[in-house]
Amino acid sequence: MRRGAALLLVLALAWLVANLDAPQGAPSRVTGLALGVALIAAYLAGVLLERLKLPKVTGYLLFGLVCGPYLLNFITRPMARELQIFNGLAVALIAFIAGLEINITRLAPRLAALTRLSVVILGTMYVCLFVVFWLVWPWLPILPDAPPVLRAALAFLLTAVVASFSPTVTIAVVAESRSSGIFTETALAVVILADLALILMFTVAMEVVRWTGGSASHEIGLLASASWEIIGSLAFGAIVGALFSFYLRSIGREVTLVLVGVCLLLSLAARALHFEPVLAALAAGLVVENIAPPAGDVLKRAVERGALPVLVIFFVAAGASLQVDALATIGLVALAVAVLRGLLAWGGAHLGARMAGQEPPVSNLLWMALISQAGVTLGLTLIAAQEFPTWGPPFQTLMVALIGINQLVGPVALRMALGRAGEVGQMDEGAAPPH
Amino acid sequence: MGDSPRSGISRETRMLLIVITLSVAVLIVLSRFRFPDNGAGTPTTASLPLDRLAARATYDELATIIAELGRRVGPQVTVLRVERAGEQRYVPALRMRADLLLAHLPGDSRILELVDLDVPIDIAGFDAERELVLLRVPPDPARVARIDLGAQSASRPRYVASVEGTPGGPALRPLFLGRTDRVSDDRYDEGLLVLGGVLVASPGSLIFGLDGAFIALSVSDSGYAAGVTGRELEAAVDGMVQPAPQ
Amino acid sequence: MTREPLRSRELGGADPLDTQLGLPRQSLLQRLRDGRLAPLFQRRAALGLRPGIAPAIVLVPMGMLLGPQVLNVLSVEVLAHLQVGISIGLALLGIFVGRALAREVRNLRVIVAGNIESGMTIVIVGLALWFIITQSLVPVGGSAVLVAFCLAVTAAASSGHTADPRSDPAARLASRVADFDDLLLILTGAVLLVLVRRSYGPVSPTLLVAPVVIGVAVALAGLLLFEHSEEESERGLLVLGAVSLIGGASAYLMTSSLAAGLVAGLVWTLLPGRADEIVSREAQKLQHPLVALLLVAAGAFFVPSVMVLWLVVPYVLFRLVGKILGAISTAALLPGIRAVDLAGYLVPPGVIGVGFSLTFMLALPAEAGRIVVSVAAAGTLISEVLGMLLVPAAPTSNGATDEMANAETTP
């Protein structure tokens, strides 16, 4: 009741302000208002959905979608763009938290099994998706009359992008639900390893498409490019993490401020240097946790407690950025691809769990952690679309629609899996019983 | 916190130093392969992850770059045939939304036709102060321009492309910008970008980066080519589509 | 309401994360046992003021270095995105001012003294700068009187330093005066913002009451939400949401975030409940980064020019004159502290003045806004350095009244 009244008050204020005077000029002036309303209203929407036995994350996403540019347009397109810019900082913070979660000593005994698991999952998805795409290519709206060699190359590229997961969303859901345990650890490890594979496979796929299309070849080697993106990102993040650890030990003042600065550095500098911000932030958190463990643990708990606003904004921005018009254009095809992808994730996860000797809940729930797709996949899609303008736009439309579906369903599925695994709230001592 | 004895370096410190040293060494080695021509004048553009995968030619292959860029940005531009004071000319219009084109036109211009679009002329909005006109066309989300907000005001020497209107469609021309600087302008909150000094881009032309991102709309400002950035144009479009309540 | 030790509004004590991490308590400066700086800090320590460098002295130059004029790490685009954080930071400062005022509402003499002092400074600096601008025909890119009085409002702010309760009562009294002089500033600033907007176009008259409406609405929403949230993370989110709403709504209407925050802080503290405590505790986590953001942003917006140089010298000088005359005028209200000592304590400007300048920058035309921020940033820096030299060297217990210095409202 109180929350409802507060929500009404907040919305009434926002409506009054918006109608009192139209904003002039810079979109950043409207962002603050959107931020304030989104934080309170989206969170209350999440709480409301929690009462309906749905994850809070769903509430944040739906709030963003409903209030976004395509529906109510309360979060207008400029606001959505401004919120996306905060995403850079949010992604870095979220990945840093994930790095703080990874204890190498605890994970080392399971590393071989996790690698085997990931390889089987990805292998299953790659092979099956490639075959299906090759067979149904004439019915896909991406250059249906492509010659056989180009068709194979495009099917490979599409496979690489479709068989990708979202470490950011996974980490965000884990952090938001304060989950911890074997299943959480496994899911995180699999999606992060898959992210590394994605970068490599996309690089290879793009080169193959270029070769078949007769485009100019790279001046920079494939291996050099991928190595810089993967290994370089980890090295850069490790340097930042080590320097941060030194700061904590020797100076240790204004840690909040410095932490924000570190996340900004990881986000902005990483992009400028062509690193992958998620990997860099992950490596930074890893170094802090594994080399300065006492500080890492305390920092982790403090940051996780304070990360909720960042997570809410992340999901609201994700919801607001969903391109509903793409769904309207190519929704059925995207839905079919999403269902196929989900089925293959389920099959691959079961097979992989069996081959890696994983027990329930990993064996029967892991596939639910492999549904989400988000930023990195979208970024790669844009790269491909811009380089190949003949078939790029329909490719982009299909992928945007697919990502939209998976972005809505994925966090919900993961949250349900975490709940069924009994790992929700296990990050805290004396946590409430899992949802 | 930590196990730091008074004498010697603690284990934690040693490990951190090793991590830093190894990481720096790795980066140095990788950079030699990643950036083989690491000269001082090599321009770099900060953009999306993995965009370096896109083929980038050197200075000598500028024509190839421009041709490929034309294929990429061409769909985002529609040429208008306009008349002003008895003279006809061709003006490029940028697709800002799926169904909206934006062009820079003085108020006394008359739009005669859309060169490569066989649709009636439907003016959705006009901003007399900024001399911007908004045209409504059949929606096509795939042709919406990509505006890279991050690359706009970096004042560094670089090549860009100017898109101008011709009877056959949009035509690209490489421009070299020695620098871009901001100047204040009452019509725009964030001012204008002075594009390199003397007039190098015709008013109304569209400036794109070599990565296909839209940078600015060229307008004339006291004899200098000045650019209105994508962010300002987005705000202007929002204002024209949703005018302020009285 | 519970008792809390006096704290600096600007930084609110140590960063809570530092405390949780159990990090080294000694700052780098405290480790400097030798050097010319040591006697200065020892002198300040003897007065009960915690030795340390004011954040502006480090952060404003850092902003200048990182800004578009030098390294361009904080480019114009980045600064545009940071505007959101700036308005939220100002709202937070306003909330703290409102809390402090509400808690000390019975200490009328000190509140009145503070506002007389700031009022005099505004008048003196405003008239002086107006005269200089009009006589010298310095191009300020806008209305001379508005620019002059915008600068005057930024000049009138003083920072209150944390005082050790065992220290000299006069020093603590001076800190309170510095704390309470913000009320008139915030109100004047809000009115000035509306006048600035009116000078460039029609403005709805409801804009004058907008900060009150925003502050009250958000405060009421907060009262309904804060006390009934069970988890710390939820409380943190709701408080951040409320502060963002205050800052965002104010920025949207281009009114004063400080004023809206002041109203919200007053409501939360005066009405029954624990909302003010909850806000204070959660907002502390944001305080350091947001204050740092304000100072760094002000430095980054700094654009050196002849106009700025021409104005910054009279800005600092007349600010000093205003503080001295203000202290003399209010000394009669404040037994227990000499006027000249009070003036010395009021020299350090703190962060609110810089915050004002950032707000004015949004409303004024581009050139005028840049000049206001540049003069305020440079003036703040110079005044902070002056403050290190002008703070009194010896205790001044002249029949000091501990009651006035220690006055706290009781529940």
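So that you can tell them apart, the chains are marked A, B and C in the order they are listed, and the count of residues begins at 1 in each.
Please note the rule applied: contacts are C-beta pairs under 8 Å (C-beta built on N, C-alpha and C of every residue); 3 or more make two chains touch, one makes a residue touch a chain.
This is a predicted model, so every value here is computed, not measured.
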Q: Specify the chain with the shortest distance from its C-alpha centroid to the centroid of every protein C-alpha atom present.
A: A
Q | Pair sharing more residue contacts (C-beta pairs) when A-C is set against B-C | A | A-C
Q. Centre-to-centre on C-alpha atoms, which chain is most distant from subunit A?
A. C
Q: Between subunit A and subunit B, tell me the centre distance in angstrom, where each centre is the average of that chain's C-alpha atoms.
A: 27
Q: Averaging only over C-alpha atoms, locate the centres of subunit B and subunit C and give their separation in whole Å.
A: 39
Q | Junction residues of subunit C - those touching two or more other chains | A | 21-23, 80
Q: Among the residues of subunit A, pick out those that touch two or more other chains and give their numbers.
A: 24, 26, 85, 248, 295
Q. On subunit B, where are the residues touching two or more other chains?
A. 1, 149, 189-190, 231
Q.
Residue numbers of subunit B touching subunit A in their complex, please.
A. 1-2, 4, 12-13, 15-17, 19-20, 22-24, 26-27, 30-31, 33-34, 36, 44, 46-58, 61, 64, 71-72, 74-75, 98, 139, 141-143, 146, 149, 188-190, 211-212, 231-232, 234-235, 238, 242, 244-245
Q: Please name which positions on subunit B make contact with subunit C in the complex.
A: 1, 149-150, 152-155, 182, 184-186, 189-191, 231
Q: Please give the residue numbers of subunit A that touch subunit B in the complex, ascending.
A: 19, 22, 24-27, 76-78, 81, 85, 199, 202-203, 206-207, 210, 215-221, 223-225, 227-229, 231-232, 235-236, 238-239, 241-243, 245-246, 248-249, 271-272, 274-277, 287, 291-292, 294-295, 323, 325-326, 329, 376, 379-380, 382-383, 386-387, 389-390, 393-394, 396-397
Q.
Can you tell me which positions in subunit A touch subunit C when the two form their complex?
A. 2-3, 5-6, 9-10, 12-14, 16-18, 20-21, 23-24, 26, 28-37, 39-40, 43, 82, 85, 248, 250-257, 259-260, 295, 298-299, 302, 304-309, 312
Q: Within their complex, state which residues of subunit C touch subunit A.
A: 14-18, 20-24, 27-28, 80-81, 83-84, 87-88, 204, 206-207, 210, 213-214, 217-218, 220-222, 224-225, 228, 232-234, 236-238, 240-249, 251-254, 285-286, 288-289, 292, 362
